[in-house]
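Here come two complexes built around subunit A, the first alongside subunit B, the second alongside subunit C.
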Partner chain A sequence: MDAQPYGLIATFDTAAGVYHAAKNVRDAGYKHWDCITPFPVHGLDCAMGVKRSLVPAFALAGGVGGFVAAMGLAFFTGAIDYKLIVGGKPFFSPIPVLPVAVELGILCASVGAVVGMCVLCGFPKLYHPVLKSDRIVSALDDKFLIVIEARDPKFNLANTRALLEKIGGLDVKELEA
Partner chain B sequence: MSTHAASATAVLPAAAPAASNANKALGIGLVGIALTGLGLLVPGNASAVAVAWLVGIVFWTSIAIGMLMLIMIHHLTDAGWSVALRRQFEHGLSGFKWLLILFLPLLLASWFGAGDIVWPWGNVNHVLHAGETVGQDPLYQHKSPVLNIHTFSVISVLLFAFWIWISARLRKASFAQDIDGEIKWTQMNYVTSASGIALTALTLTAAAFCWIMSLEYHWASTIYGMWFFSDCIRGALSVGVLVQLWLYARGDFKGILNTKHLHSTGMWVHAFTAFWAYVAVSQYILIWTSNIPEETFWYNIRELNHDGSINQWWYVGLALVYCHFLVPFLLLLSYKNKIVPRRIAPMAFWIFSTVLLDLVYNIVPVLKDAHGNAQPFVSFTLVWITTSVMGVGGVVAWSYLKSFGATKLIPIRDPRIVECLTHHE
Partner chain C sequence: MSHVETTDATQAILAEVNPAVKPRPVLVENNRSHAWITERVCGIIEGKTPLWWWVCFAVACGVTSCSVIGFGYLVAAGVGVWGHASPVNWAWDIINFVFWVGIAHAGTLISAILCLTRQNWRTSINRTAEAMTIFSVACAGLFPALHVGRVWLAVLPGYLFPAPNANGIWPNFRSALEWDVFAVSTYGSVSVLFWYVGLIPDLGTLRDRFFKKGDKIRSAIYGFFALGWRGSARHWVNHEMAYLLLAGIGTLMVVSVCSIVSFDFATSLIPGWHTTIFPPYFVCGAIFSGFATVMTLLLPMRSILKFEDFITPYHIDCLCKITLVMGTLVGYAYLMEFVIAWYGANPNEGFTFVNRTFGLYNWAYWIMFSCNVITPQFFWFKKVRSNFALIFILTIFINIGMWFERFVIIVTSLARDFLPSSWGYYSPSIVEILTFFGTFGVFAVLFLLFIRFLPVIPMAEVKTVTPEADVHGTQHS
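Let's look at the complex of A and B:
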């Protein structure tokens, strides 16, 4: 293997083991790393020091955008571009547009949430180096993995390996890129 | 505030004695009732005091109904996270019997005093704007099978009787489980809630129709029960948030309440802020769009005087749009604002207050001046509303605190209590 490896992978037997190991990796200052578990481990995001997701910001932007777009369209067409007197009503009033604007806001907010989730996760992602490891199969069943990526500024093959072994990682191996 | 489940303690504290607080609350309540009573000594003021008293009663009853609904929703969804909060709501339900007793003066006044002291239809000789009397009004004649003081009193008492009965069932099962830990109590609560939630929905709709909507009996809105329900839940949730934070600050909820509990209750508060707006706008928009006088007059009373000038209720209505919906909705979008006690506490109190404002907006314009216009919002009636809310609130708080001291702090043998204590995203 000539090229720089993707990172180091370590196995843990229990959820508690990976939970405490994650705390140690977090405290060691690593940024580009992840835990792979067969089921959601409660509190693991906190132990990893993961910040809250940015998906709500996408949803908010979508919601506000949809609402403003609907109101704006009704205002532009009704009050500026094509003034038409209908039943003596005002050219533009926000009240009858409200249901449409709210619906479009909700639609765009939900689309924004889905798009935001895909963008933040890097979807569509057809390949990931971890898939090359035969260990990924057991991590879908009863094992827990920690992967520290080589692009992390603190990554050092020897030191990182020592850290993973010290915190209880079994079978620490390089992961081919 | 503990940030995650790992810090939840295994020690289950017993409820601290709350007797001194209870007596203080009762004192405040009695002072409030006495001050409201003083209002009756002012000549020509009886109607204003009675309507204010109705506001006080309906406000605290709506909070108790909201708690009742939230408890049943908790049981029906088999929720785990809200077990600790549910116990506080169960204490809140103890107020129903006192609310019934405090409601009786309104009925007694209508029976033995002026029939139209609160509800204009209570006196068939009550003169309407057009000069005809209630008795001559075909619409009244059509609605008179319900809108007469006999049927009305029976309905009102039955509503309270139902709430008292179902509350007693829910409380009994929950408190009994503290002692023996039997699963049958949880199953009993499923059964009570499954039938009770529909009946409570019907009874709270009946309450909204009879007590509030009938104040302008010419007007009808089928969504009115939903509107009342949304205020019930919002009031109960804001009280729930404040009680949780109060117990945390006192130390009782240390190791029980965590960030995620506040986040979850905050999301409920946020969701029902949107729900209230949805229902209130639906009612407004349907009436605005169809634009027929039989319906629009209800909003016109709250916007314009007969001479076309804008009255104070116009601004109250706008205040509701912004203060009861827009501001809390935007602020509650933020995660931080839901979980930091110093931010969510004032917001919960804010919503608690705007629920009251919403009820005032719906009830108080029944008081008319000599020209048939709604009496201004800023008036002496606000004083009687304040004393009424204080009076009824003191009694209800006393009832809550008495119940609080008599049981465990949290349902320690609930099958889902561990799920609650370790509640986490």
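Let's look at the complex of A and C:
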């Protein structure tokens, strides 16, 4: 492997192992690194120093947008575009539109949450060096990985390898870009 | 998580009070490893298609053909082929619609409300329950779309969904039926999203397993839908947040959709429909029938697919208890309707309820009452809750009862409205009966495809409730 590797990859056998190792990597000051786990390990985000997800902002924007859109649609169709007297009632009233607005708000909030998740995770992204590694099969089964990227300013092949081995990482290898 | 400080004082109090220690129920039995879970769930998809699957699939397709023929005949000949006649112009079409929508609700309740309330036992059953939701909504959606007779109008823009059209008119937003359009389409869409978001990590697992086995085509198909999932902890944070938000939104949705379905009736002036109890009553009924159906599906699936370690007696016990609560609430609603009819002192309302109980349709009322009020009471007994064959039979009775509930509400009120001169008696035609029967086939076909091609147990979620996943050493002590 002549080219610059993507990073170093290490395997951990247990969730507790990767959890404690993550704290060490965080404390060593690395920024561009990741844990690969088959399920969401409780508290691992805090151990890694990952910030709270921004998905709620997307969902809120979607929910408010959907609600307003439904109210706006009923207002436009009933009070502007085609005025029709139904049962002598006002052309537009927000009360009977409420069910439609709530449901459209729910729909758009859900779409917002899913779109937000995809945007923040960078999905769909069908190629990634980690996916090319033969360890990904076991990492989505019962093993845990830590990947430290070469682009990290603190990355140094020898030192980073030493750190990963010290904190319990097994089979530390270079990951092809 | 309990981060209670254990000071000397608390220790002393605990020593004196001596509280009972109740161990947490084990959610995956026999202390199965994560690798075992993956192997067990993926093995079904990766293995050869078993004979029983083909037999069931063939039967389900046969049953589906009844619906296809029934609907085809309806579209060709018009709604006159159904038994509808004035004054009963709504019958099996809307009964079946409410019946299937109701069943759908348990899936959302399990995935949404039980997720918010941190009921960890939901993990091994939520995928199946959500699949049931989606397929039930699909069956439900068939009926309102087709009962309009000129079916093509239902899909043209501007009739159901507001869109600019040649006539320049818009749907009436004051109509409960227009609310239904939004409610049911939102319900279907959000259920699919919820299901799909939960599936993404498991699809990633399947993608890599197929790749390792050299099955590039299947790997590519699962990989396409896995969106490039790689189990990154930074992705899990967003995934968990999106899932939690969908659970919160789903909770709002599960109570709003069935309420809106009940508005179809409650906003009219027909005696027996025009009541404020309808929204909560419909929600309870929906959850009641849905939980019964979840058990009807899970009990055979558990033994056929050998999922005894995932779906433990504890899971079934929990499901029975919720069914009992919901069934009792439904029974309360039945009685409360009578109280309100009497207390409201409206002669038409009072007559409707006496007529339901003792009139021409009293057989339907008593089928409903005995199936829905008496059947769930058996779940008070631990012996019943642990006898799976008996539970299976009871859940079938509950679903029969819940279908009859909708029949009683819709048909008895319409057949005996304000004017005695326009009273009538409704009987279904063979076309309606076959069409409804066929929708069970539609459901079964979809469900069989689901258990063949998708991970039935959410692997990633189940792994989180095993003792191995506990990194803090507190949860499973």
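The definition used in the following text is that the second predicted complex is superposed on the first by the 169 of 177 C-alpha atoms of A that agree within 3 Å, B and C clash if a C-alpha of one lies under 4 Å from a C-alpha of the other, contacts with A are read in each partner's own complex, and residues count from 1 in each chain.
By our rule, a residue touches a chain if its C-beta (ideal position, glycine included) is under 8 Å from a C-beta of that chain, and two chains touch if they have at least 3 such contacts.
Source: prediction; values computed, not measured.
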Fit-or-clash call for subunit B and subunit C when the two complexes are aligned on subunit A: clash
Partner chain(s) touched by A:69 [first = subunit B, second = subunit C, both, neither]: neither
Touching partner for A:42 - first (subunit B), second (subunit C), both, neither: both
Touched partner set for A:172, first subunit B, second subunit C, both or neither: neither
Touched partner set for A:61, first subunit B, second subunit C, both or neither: neither
Which of subunit B and subunit C A:124 touches, first, second, both or neither: second
Per-residue contact with subunit A, leading partner among subunit C and subunit B: C
First (subunit B), second (subunit C), both or neither touched by A:96: both
First (subunit B), second (subunit C), both or neither touched by A:111: second
Residues of subunit A contacting subunit B in one complex and subunit C in the other: 42-43, 45, 52, 56, 96, 99
Interfacial residue positions of subunit C with respect to subunit A in the complex: 33-35, 38, 162, 168-174, 178-179, 182-183, 185-186, 189-190, 193-194, 196-197, 201, 204-205, 208-209, 211-212, 223-224, 227-242, 245-246, 249-250, 252-253, 256-257, 260, 263, 459-461, 463-464, 468-473, 475
Sites on subunit A touched by subunit B in the complex: 42-43, 45-46, 52, 56, 60, 95-96, 98-99
Complex interface listing, subunit A residues touching subunit C: 14-16, 19-20, 22, 34-45, 48, 50, 52-56, 59, 63, 70, 73-74, 77-78, 81-82, 84, 86-87, 89, 96-97, 99-100, 102-104, 106-107, 109-111, 113-114, 116-118, 120-128, 130-131, 134, 136-137, 139-142
Residues on subunit B engaged by subunit A in the complex (per definition of touch): 3-6, 281, 284-285, 288-289, 333, 335, 422, 424-425
